[in-house]
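Below: a set of structures, written as structure tokens.
One chain, chain A, appears in both complexes that follow, with chain B as partner in the first and chain C in the second.
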Partner chain A sequence: MLFPTFEFGLFFLAVYVVAWLARDRLTVRKLFLLATSYFFYAQWDWRFTGLLAFSSALNYLGGLGLNRFDAPRTRKAIMLAVVAANLVVLGFFKYYGFFIDSLTDLFVAWGIRRDLPILEIILPVGISFFTFQGISYVVDVYRGQIKHPVSLLDLFLFISFFPQLVAGPIVRAAHFLPQLRRKSTLDGETLAYGLVLIVSGLFKKTVVAHYIATDLVDPVFLDPASHTTLDLIGAQYAYAVQVYLDFSAYSDIAIGIAALLGFRFRKNFDRPFGSTSLAQLWQRWHISLSTFLRDYLYRALRGERRESTLMTYRNIFLTMLLGGLWHGAAWTFIIWGAIHGLALVAERHFKRVSGTFRKALSPGLGALFGWLFAFHVFTLAAIFFRSPNIGIAADYFASLARFRPGVDFLTPFNAALIVACVAVHFLPGDALNRVAERLRPLPLAALGLLFGLGILASEAIGPEGVAPFIYYQF
Partner chain B sequence: MRDTTEDRSYVATVRRGLIVFLIAAAMLAVFNSARLRSAVRDWPPSAVTDRIVLAADRWHGWMEAIGAAALVPAIHDGFERVRRLRWDG
Partner chain C sequence: MAFWSLTTTASGNTGLLLATSLVIGAAAVGAPEIASANQDSIEEASTALMRIAAGSSKRRIAVIGDSFAFELWKGLTETHRGSGRYEFLKFSRVSTGLVRRDVYNWNNKVRDIVAGTRFDMALVIIGGNDRQSMWVNKRRLQRFTKPWYRVYSRRADAFMKTLRRSGKPVYWVGLPIVRPSAMRRDYRRLNRVYKRVAAKNGVHYISSWRVFADSHGRYTGFGRDKDGARRRMRDNDGLHFSPYGRLKFGRFVFRRIRRELGLDIRPPDGGKTETASVLAD
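Up next is the complex of A and B:
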């Protein structure tokens, strides 16, 4: 069940009414939200609700174990065992095929004949997201960041809550669980903010991301060698913009829906294309994943000790490499992660050694160079992210390197969309909040008409039918 | 006392939200009846679905008759003209 569909509209309307009717009976409300979340997940494949329940039970037991024992070594062993179990499940569903294919290729290259067990494994939608949420819970309990004992119901709901279940944002246990212990509330500002997020998310996904994808990105990436230089450059920028629109649209709608049900999720994107360094871009892009990687992977790599510069560089690189692998089981994602890792290290090293040079530059010029570097590393690396295999990516770069005149797919409409989508990243960060503040005092009928018009505009301009969100596959 | 005031305030906001959704749903039903019809046609076949499809068909017929169903295609056509623009005109 996709967000921008008639079916989801009906589903949400029912959930909204019943969840608020049950507001004063906390357990009933949570049971209802849990049941609706499992119903939502079952719309993709009901069999995987068992996996979702297994993942939740595993992490719940891990939390119980951590609360029961005091000895540091025992607690560490429990935490590591539960994290490892989470990663084994994730690895099996997500990376088994990739591992077997790569091993087969390696054996063939060495001239060895081996029949390796091939399994057709369906990737459960959202597995990376709910696995990471489970890991965040266990590690937070281990680190003492979750003080209260967590009930089975709360933990199951935390891991399966439908707005964020299949494509994030990755919600932190320490942030979400306390919200389950108190009665939800809804004020006029949150209502207006939720509505604005839903309308903006629908428009970004069903209109802008859709047309950029179908009119420019998809045809050019299908066979990069047969396209003109301008089309290739346009599609390179367009794809980065498309991923941003698609994923931030999902996050906006998820945050908006959660807000309308009385839950607060943190912002997942904060105008990343306005960043004046790659490090800043990563602080503003998929913030829930970036902070997850920082807090649970980078911190684990670094340990408690003070690290040398070289170790910092190694840890940054490894974090991005593993971040690439998280996105998908393919060499293209690993290369994408490696490019970002190397570029982040290069940027950090440059900042360390170029003090005098940077002081000589005016702040505006420095920001411009930083923006150009960050934006182009991101959009060029995105070629690997989008390409189905390394061959297509190599074709793309080879075609970019030789000039071919003309323009077929980069139309004025597409070019305007790309420029506008990047330009809005230079607006103030609280632009949507300001819109919501202006809407809040409007009469009820006017608010309803505006909300209806917003959805109607997406419906009227957008195509019939909606493509799945890009991040469902992760 | 404070709790009661807070309760009254959240109830009013929730009710406000519900009315907003209903107004939006009514607007979509009036101006986008074709999409409503195609959505229910995709539902799994059953006696209930058949009735809903019939009702959606009839509703769309009424919206066509009063001209409301023409708005979305008109907007879409206007948008398509912009989308099809090329650098050479």
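Up next is the complex of A and C:
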């Protein structure tokens, strides 16, 4: 059940009404939200509701065990075992096929003729997200950041809550669980904020991202060798913009829907293309993932001891490499992660050794160079992210290196759209909050009317048909 | 050799002229007997020679349709890379179909292709994006209803008729089996339309359904490559092809069109069909 569809609209309307009717009966409300979340997930594939329940139960039991035992070694063993179990489940569904394919390539290259045990494994929607949420819960309990015992209902609802279940944001247990323990409220500010986010997300996804994808990105990436240089350059920038719009749109809608149900999620994107360094870009892009990687992976790699410079570089690189692998079971994602890792290390090293040079630069020029570096590392690495295999990515770069005149797909409209979408990132932050502030005083009926008009406008302007969100495949 | 010696001894040029005349005369007298004895063989041989001569120039095969057509084109091109015998012309456009004329009007496009392109054969695969309702005269036709089928069949019919007017053989490749069950069901429906309309228009229909199915007829994302190794043939989405899948798809379709390309020639004995060694791949 995709967000920007009539079916989801009806589903959410029903959930909204019943959830607020039950607002004084906390347990009933939570049970209802849990049931609707499982219903939502079952629409993708009912067989995987069992996996979702298993993942939730695994992490719940892990939390119970951590609360029961005080000995540090025992607690560490329990935490590691539960994290490992989570990763084994994720690894099996997501990476088994990739592992077998890669091994087959190796065997064939070595002349070994052997059939490997191939399994037709369907990737459960959202598995990367809910697995990471489960891991964050267990580790937070281990670290003492979640002190209160968590009920089975709360834990199950935290992991399966439908607004963020299939494509994030990766919500932290320490942030969300306390909200489940208290009565939810919906004031004018939250209502306006939620509605603005949903309309903004719909517009970004169904209009802008969809046009960019169908008019430019998809045709060029399908067969890069057939396209002109300008089309290739255009599609490279366009894809970066598309993935931002697509993913931030989903996050906006998810956060907006959660807000309408009385829950507050943190922002997941903060104008990343306005960043003046790659490090800053990663603080503003997919914030829930980058902070997860920082807090659970980087911290684990670093340990408790003080890092040497080389160790810092190693840990940054490994974190980004594994972050790339998280996105998908393919060499292209690994390469994408490695590029970002290397670029972050290079940027960090440059900042360390170029103090004098940077002081000589004006702040504006320094910011410009930083922006150019960050934006182009991102857009060039995105070629790997988008390409279905290394061959296509190699074709893309080879075609970029060859000059081919003319332009077929990069129309003035597409070019203007790309520029506008990047330019918006230089506007002051919290633009949506300001819009919500302006709308807050309006009567409820007027707010509802504007919301309806916003949806209709997106529907009318956008092309027919709904493309799935890119991050559903993760 | 002895004959030439006698004529040279007597009188050089006169003797040569006499000898040549005698040879030509003998040939002229004997020619009808030679012709009548081996007429059939000569005709067979000349036919084969003409075929070989025709086959030795590059055959241009237009591959037309949506992203499946691109995959097929890619598979055919890579399978025949370096052969120099075939040129596969790509007329594919991703995210298009017969339903959404507002996005891309294939019925108009195919007229342009026929008018402006020299090809020896057309391969069509389209319909991957046609599982949607269509707007006709401001009226929305729900997909796979009777009115929808009527309009869709008319469009497929017009498409095929346009290609047939080229006078070249046309092959319509059915949509392959896919993993998502609803999509699989809809692709079967579309294939039934293509098969029926193809039969009506003298278009050859190639079913690709079983190429990526297991022995029970179920979807499988794996198969054997040309070296016999088990490989992933489909992407994780269960729709698109992996590089190995494209090659398999290309080889499969090419096997179906081999006869049309003159790769299977009946020998004079009228018995078996064998592949002419000159044209063999």
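Quick note on the criterion: the second predicted complex is superposed on the first by the 471 of 474 C-alpha atoms of A that agree within 3 Å, B and C clash if a C-alpha of one lies under 4 Å from a C-alpha of the other, contacts with A are read in each partner's own complex, and residues count from 1 in each chain.
Rule of thumb we're sticking to: a contact is a pair of C-beta atoms (placed from the backbone, for glycine too) under 8 Å apart; a residue touches a chain by one contact, two chains touch by 3 or more.
None of the values given here were measured: they were computed from a predicted structure.
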item: Touched partner set for A:123, first chain B, second chain C, both or neither; value: second
item: Partner chain(s) touched by A:97 [first = chain B, second = chain C, both, neither]; value: second
item: First (chain B), second (chain C), both or neither touched by A:461; value: first
item: Touched partner set for A:35, first chain B, second chain C, both or neither; value: neither
item: Comparing the two partners chain B and chain C, which touches a greater set of residues in chain A; value: B
item: Which superposed partner A:219 touches (first chain B, second chain C, both, neither); value: second
item: Partner chain in contact with A:445 - chain B first, chain C second, else both or neither; value: first
item: Touched partner set for A:398, first chain B, second chain C, both or neither; value: neither
item: Residues of chain A at both interfaces, chain B in one complex, chain C in the other; value: 464
item: Residues of chain A that touch chain C when the two form their complex; value: 97, 101, 104, 107-108, 113, 115-116, 118, 120, 122-123, 214, 218-219, 222-223, 226, 329, 388-389, 391, 463-465, 473
item: Contacting residues of chain A [partner chain B, same complex]; value: 5-7, 9, 13, 16-17, 20, 23, 185-188, 190-191, 195, 211, 215, 260, 407, 411-413, 444-445, 447-449, 451-453, 455-457, 459-461, 464
item: Residues of chain B defined as touching chain A within the complex; value: 6, 9-10, 13-14, 16-28, 31-32, 35-36, 38-40, 71-72, 75-76, 79, 82-87
item: Residues of chain C defined as touching chain A within the complex; value: 67, 70, 74, 90, 93-95, 100, 103, 132, 179, 220-222, 227-232, 235-238, 240, 242-243
